[in-house]
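The block underneath contains the structure these notes are about, expressed in structure tokens.
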Amino acid sequence: MKEKTMNIKLLPREKVFRDPVHNYIHVQHQVILDLINTPEFQRLRRIKQLGVADYVFQGAEHTRFTHSLGVYEITRQICDNFAVNYPTQTPGDGLWDDNERLVALCAALLHDIGHGPYSHTFEHIFGTDHEAITRRILTDPSTKVNAVLRGVAPDFPEKVASVIAHTYPNPQVVQMISSQIDADRMDYLLRDAYFTGTKYGEFDLARILRVIRPYRGGIGFDANGMHAVEDYIVGRFQMYQQVYFHPVSRSMEMILTHLLERAKTLYEAGKFDTRFNPRLLIPFFEHQFNLQDYLRLDDGVLNTYFTYWLDYPDLVLQDLASRFLSRRPLKSVAFTNQTARLLPKLKALVAEAGFDPEYYTAENDSFDLPYDQYDPSVADPKTQIEIIQRDGTLEELSTLSPLVAAISGKAIGDKRFYFPKVMLSKNADDLFAGTYTKFQQYILNDSLIEPR
Amino acid sequence: MKEKTMNIKLLPREKVFRDPVHNYIHVQHQVILDLINTPEFQRLRRIKQLGVADYVFQGAEHTRFTHSLGVYEITRQICDNFAVNYPTQTPGDGLWDDNERLVALCAALLHDIGHGPYSHTFEHIFGTDHEAITRRILTDPSTKVNAVLRGVAPDFPEKVASVIAHTYPNPQVVQMISSQIDADRMDYLLRDAYFTGTKYGEFDLARILRVIRPYRGGIGFDANGMHAVEDYIVGRFQMYQQVYFHPVSRSMEMILTHLLERAKTLYEAGKFDTRFNPRLLIPFFEHQFNLQDYLRLDDGVLNTYFTYWLDYPDLVLQDLASRFLSRRPLKSVAFTNQTARLLPKLKALVAEAGFDPEYYTAENDSFDLPYDQYDPSVADPKTQIEIIQRDGTLEELSTLSPLVAAISGKAIGDKRFYFPKVMLSKNADDLFAGTYTKFQQYILNDSLIEPR
Amino acid sequence: MKEKTMNIKLLPREKVFRDPVHNYIHVQHQVILDLINTPEFQRLRRIKQLGVADYVFQGAEHTRFTHSLGVYEITRQICDNFAVNYPTQTPGDGLWDDNERLVALCAALLHDIGHGPYSHTFEHIFGTDHEAITRRILTDPSTKVNAVLRGVAPDFPEKVASVIAHTYPNPQVVQMISSQIDADRMDYLLRDAYFTGTKYGEFDLARILRVIRPYRGGIGFDANGMHAVEDYIVGRFQMYQQVYFHPVSRSMEMILTHLLERAKTLYEAGKFDTRFNPRLLIPFFEHQFNLQDYLRLDDGVLNTYFTYWLDYPDLVLQDLASRFLSRRPLKSVAFTNQTARLLPKLKALVAEAGFDPEYYTAENDSFDLPYDQYDPSVADPKTQIEIIQRDGTLEELSTLSPLVAAISGKAIGDKRFYFPKVMLSKNADDLFAGTYTKFQQYILNDSLIEPR
Amino acid sequence: MKEKTMNIKLLPREKVFRDPVHNYIHVQHQVILDLINTPEFQRLRRIKQLGVADYVFQGAEHTRFTHSLGVYEITRQICDNFAVNYPTQTPGDGLWDDNERLVALCAALLHDIGHGPYSHTFEHIFGTDHEAITRRILTDPSTKVNAVLRGVAPDFPEKVASVIAHTYPNPQVVQMISSQIDADRMDYLLRDAYFTGTKYGEFDLARILRVIRPYRGGIGFDANGMHAVEDYIVGRFQMYQQVYFHPVSRSMEMILTHLLERAKTLYEAGKFDTRFNPRLLIPFFEHQFNLQDYLRLDDGVLNTYFTYWLDYPDLVLQDLASRFLSRRPLKSVAFTNQTARLLPKLKALVAEAGFDPEYYTAENDSFDLPYDQYDPSVADPKTQIEIIQRDGTLEELSTLSPLVAAISGKAIGDKRFYFPKVMLSKNADDLFAGTYTKFQQYILNDSLIEPR
């Protein structure tokens, strides 16, 4: 029935994209090729996958473009596996209906298309929402992406959008794209590990793709692949601890946040010097932007305005722009709920040394839930990972793995306080040497302490 | 003597940068760390190493920043090897004087610092010269790079510049940085292979670093490492054929060239619409730029203006900007000196189909000399690769290797003619179907032919 | 003082061995080269590192020879690091005394030299002890290894032996070679991962080598490297679960055990057919072997006798030899202390189907303690892993890592019961079909159960 | 028609073998699994792929077993590609008939099954022929391999044998297994590169598998994959120069040759001491062996007898056995047809120094033809590599590639003379110092020369 209403055109011969992570990305449908060639998708070439992380892991210069193709490719491989090994025989048998392939592939390819430059920071300052924008790009008739999707079927854009919104009826398709072990996470772990040159995120993709299988409630894993899944969870945990939450990356994010805040404050105060006009950012300063405005933004556009501001008369704006472009991070120290009460004293010392604490200190907490069981009592409950026994019964992952149990349900991360590097100076001749010494008494072994 | 006049400060503990190619970049000198932290060097993070190549090899999103650190690291490893195994005993013995280490390291780190965005294309249009600019950045007192180098010794900036200019008296230092097998080429082959995911550029760096050695006239290689050197030459040849000269990369370069040419033409004709003002490019349009203007440019700045021009009233500018940002390449066919005479006919057909041939066709020839012997009769003779026999006699590489001899002294590459993709249309219903058919009769097996 | 009494000769130029795991093994001392060239060490080329594991992971054909060189190389790199970054200034300052280098390198190289073919199985049957034999090889004047070591100093063989026996006074040297994170374990994890083609054992050696450091009580790790150490512990845990304890490898070990037991039983019963005489095994059958007898054994010698026995009149011996050489494993099922009481019933069914349960069933339990804190109350307490804070205080690893805490102190593994594959037959026409069906009722989801 | 007469049973679910080179080997046919499980095939686990090469490249401990599975896997991937992209429509259209798959897979798996221990050396001494034995193993009704093949169809063993003998009518099947770019060579290059840890043999298998295609006359390659094929030819050339022809490997082969010759001479002279009886070798000494005798041999069997001979009364036999087991190679020097006339003088000096030149010197020439065009005038003409243009015309590889042209048709290698290491002694106190000095005057830069 579905096939009748969908216009699915295969390429005369598959087209490939060379990729260092998956070797080749294989494209077999005309619609996938057309989606890749839309301006909205090509824009992802200009948005780095890890934002500012390349300031610490210099190889991390890869973009959301290559990641999106990678998510597509893993999804394609899962579909191939399901179609060969678990094809549905009768509706409702819990096996794979290959008519779902195209919607899965499109959702995989497009899941990140609403991301903007320096995504989370930008959203935080300007109140944008990349998920809502993804939905807009898929369903707004003004976009090329929408036009391509409509070519498949009139309701196809909505279908793809509903997969990304988790409201699509087939849970296998939804979980392939979005769950605690989905094509998105699998690609970014491998890709980020490859480009950063760290090994923590590596796991055995080939084995996972051998043991993944559909069941009535979604996607599960053969019992004999349990350790491969466990290894993936641990790898993801390690990447958060080692790479994504690196204190210096977060420092550069803090500087970016303050830089955009300062520009916005100046603009809103009506004091913006128009010689340094950030043309493409104005709609966002004005709180009046449309989809087209959003799609004009990328990392390079923001960096271009930061370059403008290197000459801006406001010294704070100028300095923050320079710090961001030339990588001069703030230093940091970990604190806890208990030691948070000491922060005002530290900020006072930073002010005493001549820095505006609003722009030259920051508090950042970064936490991730590495894995969780399904809990219907919380908002946005997680789809837990199911291990499928030989007789078909399901076992939730953490009941089988002591490693996963150890980190399950626990948000892991830390809170850090950021401040200018000079506060750690040991130079006794410095004008503020006394202030610095007082400041340093609050720090031991990278933690905030009550001075002795 | 040298040590007396140079201020060389070692870091209390070496600092490392994680790198996917070399695992770690090891920094031991304060001056190297300070150079890395200059705005001029940090700017290289915003300039892609391979320009437009990521339009074909999507992983090639790495920058001149990581490459520059890689060249530094290989140079550092060569110096370590030389210092342990071939330390000079008496002046003029042809062995390694480790007092040369710092000048070599600085030259390695900074050899590309004068590069601008989309380097060769930009130079072609605006008449800039990255080598001259490198020299300026090193020696102009206005730069931070110069300030750091001056901190070592007053004449140190000039020394480093002379290494890059090949005029430094010690040929070992010069050849380490710039010869037919230098740290620059070794890093870019490995790095480009890693990020593109191709294998052609891979060679056995560990073995090369074991057999490289100084001699009076420069840098040579132990006889038992001949095959490793041969493999490097072949690998480089392959990268040129397969990656650097890829027809589609060159197509995107042609589009970029025409796009910048069109903008310049409009500007010079006094017709530039100031709503779309490319603020940081104006000095280049005006033929009046200073070093500071140059250092404000990067890939993102150019792309930002291309984004502006998506709305520009001139249709050619608008379309070329859109083609560049959204990757819509021209198609191409190889031609020779013999078949070049057919090009006017092809251009006429392109014009007949409604395209301005000035902006929608292009001729590009890309040739590389994979290796050459020293020939004093040519301008800019090459430093040939010397293999050192057990008794100390030298043998030029191509006399020992039939593979190298086969490609030595021969420029290898091709000439291609670029045109709009629609010219290859087979759609008989198209308005210009007859024109397209005529056009296609000139092409067989990717070559231009006289129609039969 | 030490240097005076030790004869340490460096090679004129270092010699290297190409190695796929470490790229090159670097040898700088004549004594190391001489040790490698002894017959006792070269014998390790004929003893596979993982015994029968290549029956499951076919790439695991590497030997104790390459592993031993790998342990040496990691130790060498640790010494290099310590000598540069943590050289002792005054005796007892807890830093590294590079006079300890040679004893550490020799102990690393020779730590496995006492291993025989199919080590643990052989020891189990013939009562040999590879640690005692290692000591003999080092200290017995009849060996070439002893002669080489004596060339350094008369007491040097004893010194090296005491490192391996954990009685050497310097805990840094002992822990480098033997602790919960030592050069031995680091090499075998990486090497076994490389040759099996699994990824579980991979960890970030480069980072571990950067954060390892000496302290008064042994070897510790910088706080900022905690996650790399954690990753190593988890990797080791995974290799045990996935590779070393693989049910089919254990099956082949069970067959080997029964095969050697059968031969020994026949020999001891005086019934051995001398046409199939296992010449080099006779001393072991006779319980009268000397060091020279032991050093004549290797994997190939045992396999040669198994080949002899393919024609042996005793059908059990013949069949077990054939099963071992041609890889026909027994099948298995997991059991627990609770379900162990069912095993006699299963064995009775195996007997009913015509197999002697003594040779055609087996119970195997394989457990490993992935990590443990120091506990003085147990026999052979573990040296716990210490993380060194910035102010020098020590923190035991599992207090910092929830992952390590989860597996600390818990022996992890399983017990399996082995039986002939035919017991799982579903063929209703088989003579013993009824027996098989009964047998199968005891198995569900790879576990032994009370039949319903 | 073929399908009717062949009994082809697919496994209910594919079975995989983990492999470090291809990640997984995928087995889909019951007959392939059964062939792998025969004793004749399992025997390949005990025969190293590269004979003595692990004496130089220590990682090269892999066997013909893993290689054979690798050749199978590459063949399987080629068949998959052909079946999807180039399925035959009408007989004789030059496309791929997937009924040929099973015969191709079996030939790939079994192509090396006739190899014995230390293959070429053993053949040289005992006059065996591994190709004839392969044929015997396939077609002799006494083998398990034959029984499995007969289960497919009565004439199937002969069919598989005819593929290996190049007489099978379908040239596509023959060239897949045996040509200048076949699955055999592709696997061994990648595998030997992986296990030795060298990079020379690496090439882009993924790309080759994308551009390979059937044509009427066999197997060709798309024009756009020419450089990948060129890279493979160069890689193979490099492996021969760097690994397969390594002077020290050849030295160990010379020792092995002399060792077996000495044993044979002693045996034939009726002087063999029966206490050291090489039971399984006797049929070969007696020139009366059957297939069963041959199949009992493996590397370990030979090494076991060499271990016996360490105690043999004949000093030459004892010493050569010890040299082989403990890796004490002869040294060597290159010579040419011109300098060959000096060899008698060198041998006389070796004799003067107390060594029997028959056993302590050797001449070895190792040459390989890296690539050749088809030449009907020579015995055993090569199947040249064809590059297929877009219009279907064929171009022979070396006409397109200057690199391949440079080495095409030229046997490349060298001749070396082997002698005891002590001949290079510089120790003036040695009894034979004068002899050594004379000897050394014949050597310069690793070449034989007329003394000056």
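Letters A, B, C and D name the chains as they come in the text, with residue numbers starting at 1 for each one.
The criterion applied here is as follows: contacts are C-beta pairs under 8 Å (C-beta built on N, C-alpha and C of every residue); 3 or more make two chains touch, one makes a residue touch a chain.
Quick caveat, the model's predicted, so the values are computed rather than measured.
Visitor: Would you kindly count the fewest steps from chain A to chain D, each step being a jump to a chain that touches the current one?
Guide: Minimum number of steps from chain A to chain D: 1.
Visitor: For the sequence-identical pair chain C and chain D, what is the superposition rotation angle on Cα atoms, to the nearest 5 degrees?
Guide: Answer in degrees: 180, to the nearest 5.
Visitor: Where the centres are mean C-alpha positions, what is the separation of chain A from chain B, in Å?
Guide: 32
Visitor: Can you work out the whole-Å distance between the CA centroids of chain B and chain C?
Guide: 50
Visitor: Could you please state the distance in Å, as a whole number, between where the Cα atoms of chain B are centred and where those of chain D are centred?
Guide: Centres of chain B and chain D (C-alpha means) sit 42 Å apart.
Visitor: Using the touch rule from the top of the page, what residues of chain A touch 2 or more other chains?
Guide: Within chain A, residues 23, 198 contact more than one other chain.
Visitor: Which positions of chain B touch chain A when the two form their complex?
Guide: 17-21, 23, 37-39, 42-43, 45-46, 54, 56-59, 61-63, 65-66, 69, 194-198, 279-280, 296, 298-301, 303-304, 307-308, 310, 322, 325-328
Visitor: In their complex, what parts of chain A are in touch with chain D?
Guide: 13, 16, 23-24, 85, 206, 210
Visitor: Enumerate the contact residues on chain D facing chain B in the complex.
Guide: 198-200, 202-204, 223, 227, 230-231, 234, 237-238, 241-242, 389-391, 393, 402-403, 405-407, 410, 412, 444-446
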